[in-house]
Amino acid sequence: MRPPVARRLLKPVTGLAWILVVVWSAVSVTFLLSRIVPADPARLAAGLDAGPEQVAQVRAEMGLDQPLIVQYGRYLGDLLTGDLGRSVQTRQPVLDDLLSALPASLELILVSSLIYAVLGVLAGIAWAYWPRGPHTLLLRLGAVVGVAVPVFWVGLLLQIVFAGRLRWFPVAGNFDFEGTGVPRVTGMGLVDTALTGDLTLVGEALRTLALPVTTLVVTHFAVAMTLMRSSLEEQLRRPYVRTARARGVKERRIVFADALRNALNPVVTMLGLQLGWSLGGVVIIEVIFSWPGLGLYAYHAFSAFDYNAIMAVTLLSTVAFVLINALVGAIYPLLDPRLKEAR
Amino acid sequence: MTTTEPTSGAVGGWRRPTPTELWAGATVLVIAVLLIAPGWIAPLDPYRLDVSQRFRPPGAGHLFGTDDAGRDIFSRVVYGARNSIGAALIVVTVAAVFGVVYGAAAAWSGGILDRILMRVVDLFLAFPYLVFAMAVAASLGRGLTAALVALTVLWWPSYARMVRGQVISLLRDRHVRAARTLGASGPQILRWHVVPHTYDAVLVRYTLDLGQALVALTGLSFLGLGAQPPTPEWGLMIADAKQYALTAWWAAVLPGAVVFLTALNFMSLGDRMRRAGGTR
Amino acid sequence: MSPILSVRGLTVRYPGTARPAVEGVGFDLEPGATVAVVGESGSGKSTVALAVSRLLGPAVAVRAETMTFEGRDLLGLGREELRRLRAGRIAMVFQSPSGSWNPTRTIGAQLVDGLRAAGRWPERRDALVALLSRVGIHDPESRLNDYPHRFSGGMLQRAMIAGALVTEPSLLIADEPTSALDTTVQAEILEILDELRAERDLAMILISHDLGVVARLARHTLVLYGGRTVERGPTAEIYRHRGHPYTQGLLAAVPRLDGPRKTPLPAMAQGPVAHSGCVFAPRCPRAEDRCRTSEPALRPVGGIEVACHLAGEPGREPAWRM
């Protein structure tokens, strides 16, 4: 066993090393995957009507005639300079594609994460605080349905009912920048319309967000809710809660000042994981609602064997996932004074 | 199994099955029939095209209506169970078996080997699994097999981690020490005295995961990364129906409801087993 | 003097259990007096403590013929009235020093919560600091800002005592206050507890399995076994008489430096508690047929009360004398 001081000093170093290992593994795996793609990338890039010489030329241009190890080295080198290659479909640098698709996805993910985190935590607290009564039936139902319901089914159902039948919300697409003439500042409809100060435009942005966000919330809030409830109930069984009760402290204060902070720890971890996973869940939602984000971009890349794009999206989501987890790890000490001192 | 509740007046080894056991039994039975003999249930050929019967809403002739090619959706759902539930079963079974062996081996070997083996597990768990499954499935060439491989590769580490933790605590247990004293060999102890004690928790996880895997698999085929047309597969059926969902809602909604209810059944059953067994 | 706390026929049943955890327990407590409740783990002694302070929660059935504190029926009070009572009049000290504090809040914050609940903040702030110093915490002002993990077990228990007494309660329930501590610290804490109790004319219920502790602090003792009172009376008399075989065994098990090694309490041959007859019969070295069929009631034997068919019968009693 290393002495504690040394371990404390090494902790950020090993944490960073781990992140690098994960990212490097992701890079290598995606590289390997891209070289076992059944379709010939050179053929795809050259176009269907290209002759064999043209394909060979494209192959040489793309470096695909080199040994695998050389290709790998070149790929790593390109990555370090921020060059993710060119997309076969859009014929643009993948990085540009990603950057233009990112805001739409971020908007969707951030808005819905905020809603399901708050909703899940509040519902979980209410459940633990009032453990009996008719509302628990509803919460229990929500908990089971929320984890089992497929994203694509919720999305389609909402689309059919609220966009198709009731026509309350648009069927597909995000905020229409071109049609309304709102300048793209961040690329997120909600933010950019808010910047114009025009409330009807903000309302329009909210209307486009409503269905995809609801889909994400419905399929994600149950986990936070269930975990919040069980974690808080576990804390409320601890002896220190009994001590506070013996001191005559009001139940509400016990829950909010004493137990809640300790109970939040696993919930924060789970919310972090969910945020990291949400890029996966968002692919299906963006496909259903034709939301022009990373998910839709990835979907088109999958369909076209656009391997540079597939690699880039996979890498991006891995990096995001690892960083979010590291960030969550950094939040813990704020919740627990024992860890704060150990830092 | 975990669902065993206090046995009162058990005579000759037989006792009344608990509600949970009845539920599990019924689930197994229904799935067995769907997988082995879908023809007993499905009224029509799932592949038969009939343009005159296009877009029939649910009713007497077609329980779930028909799709854009006039195929009977109910029959396609019944035959689709083979591809959807069957695939989920394969994914979770392979993942569980591999994960249990891997986790037990890591726990048993201990020391540096254990740390290396678990670092590999950590690495797998550090990937956002859905995106990776999509990338793997897309690269292997779209098809049900590709989706199966992609999900299995990403599914086993959670079993490995769970089983390793349990085995480590079991190895410290008295009955293991007793067996060791009696001269049992390492693999014997693992096989007969340790690993069987993890089955309760594995079975709970297995049942819950069947629901998860079903949703994940149908999700992949919804994105075109699983089964390919004209195979009857639930996710694929919904993806096809997506284009005309606003006019013929049933073609997307009813197969989706079947996915949902099947997953719900697995997950509530697993939840119930967990509570009956008291494992976390 | 009229008792500050009067309990008769206290019966507690946890949900989903066949037998009550505590049955027919009763005692009176005068102001400034101490009663000890002793017994092994599972005897129901902590349940008695939690039942009196009404901390058992709504799922647990608590019944009693009478349970009055300062003239008020504890079983008839509402949630808010009980909360006020616990904030002001009844204080508790629990066994586990580390578990009884919230690890993520400072000692001060948790103590102030108690004062706030009693409506005595910031009025009693200086009294809290003085009391902390009195129980042996150096530099109490700054230590209030420390988190529990910076305190030793003994320090936490001292702070717990200070927090319990700062609201000037009239009853202190101490549930195994020193069991988790080192022997040397135990003695100090007990001394502080007894001094403060005497100064403030505080009534105390002392829950313990340690008869040495009990002999030092409690005038009266109640011996529980399997949730029943098996012996009750002045502590000195109980030590002298040893009316009940269980008490005899308990006292014989107290390690003594000066005596020879004593026979240990017989191990549990069957289930620990009988379902009919005397609760102790399955473990009793002297059990007879009547012990297994009829339950003995508490009856006066000498200066104490004993629930044993054999107590006081000539020729039998000295069997366990040391």
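We call the chains A, B and C, going by the order they appear; numbering starts again at 1 in every chain.
One rule holds for everything that comes next: a contact is a pair of C-beta atoms (placed from the backbone, for glycine too) under 8 Å apart; a residue touches a chain by one contact, two chains touch by 3 or more.
Since the structure is predicted, the reported quantities are computational estimates derived from the model, not experimental observations.
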item	value
Graph class of chain-chain contacts, one of line, ring, star, complete, other	line
Chain located farthest away, centre of subunit B as origin (C-alpha)	C
A-B or A-C, whichever has more C-beta pairs in contact	A-B
Centre-to-centre distance between subunit C and subunit B (centres being mean Cα positions), rounded to whole Å	53
Centre-to-centre distance between subunit B and subunit A (centres being mean Cα positions), rounded to whole Å	24
Centroid distance [mean C-alpha coordinates] between subunit C and subunit A, Å	54
Touching residues (chain side subunit C, partner subunit A) in the complex	53, 55, 83-88, 91-92, 94, 96, 99-105, 109-110, 113-114, 116-118, 147, 149, 160, 163-164
Sites on subunit A touched by subunit C in the complex	238-240, 242-250, 253, 257-258, 261-262, 335-338
Complex contact set, residues of subunit B against subunit A	123, 126-136, 138-142, 211, 215, 218-219, 222-225, 235, 238-239, 242, 245-246, 249, 252-253, 256-257, 259-260, 263-264, 266-268, 271
Of all residues in subunit A, those that touch subunit B in their complex	18, 21-22, 25-26, 29-30, 33-34, 36-38, 144-145, 147-153, 156-157, 159-160, 163-164, 171, 276-277, 279-281, 283-284, 287-288, 298-299, 301-303, 305, 307, 310-311, 313-314, 317-318, 320-322, 325
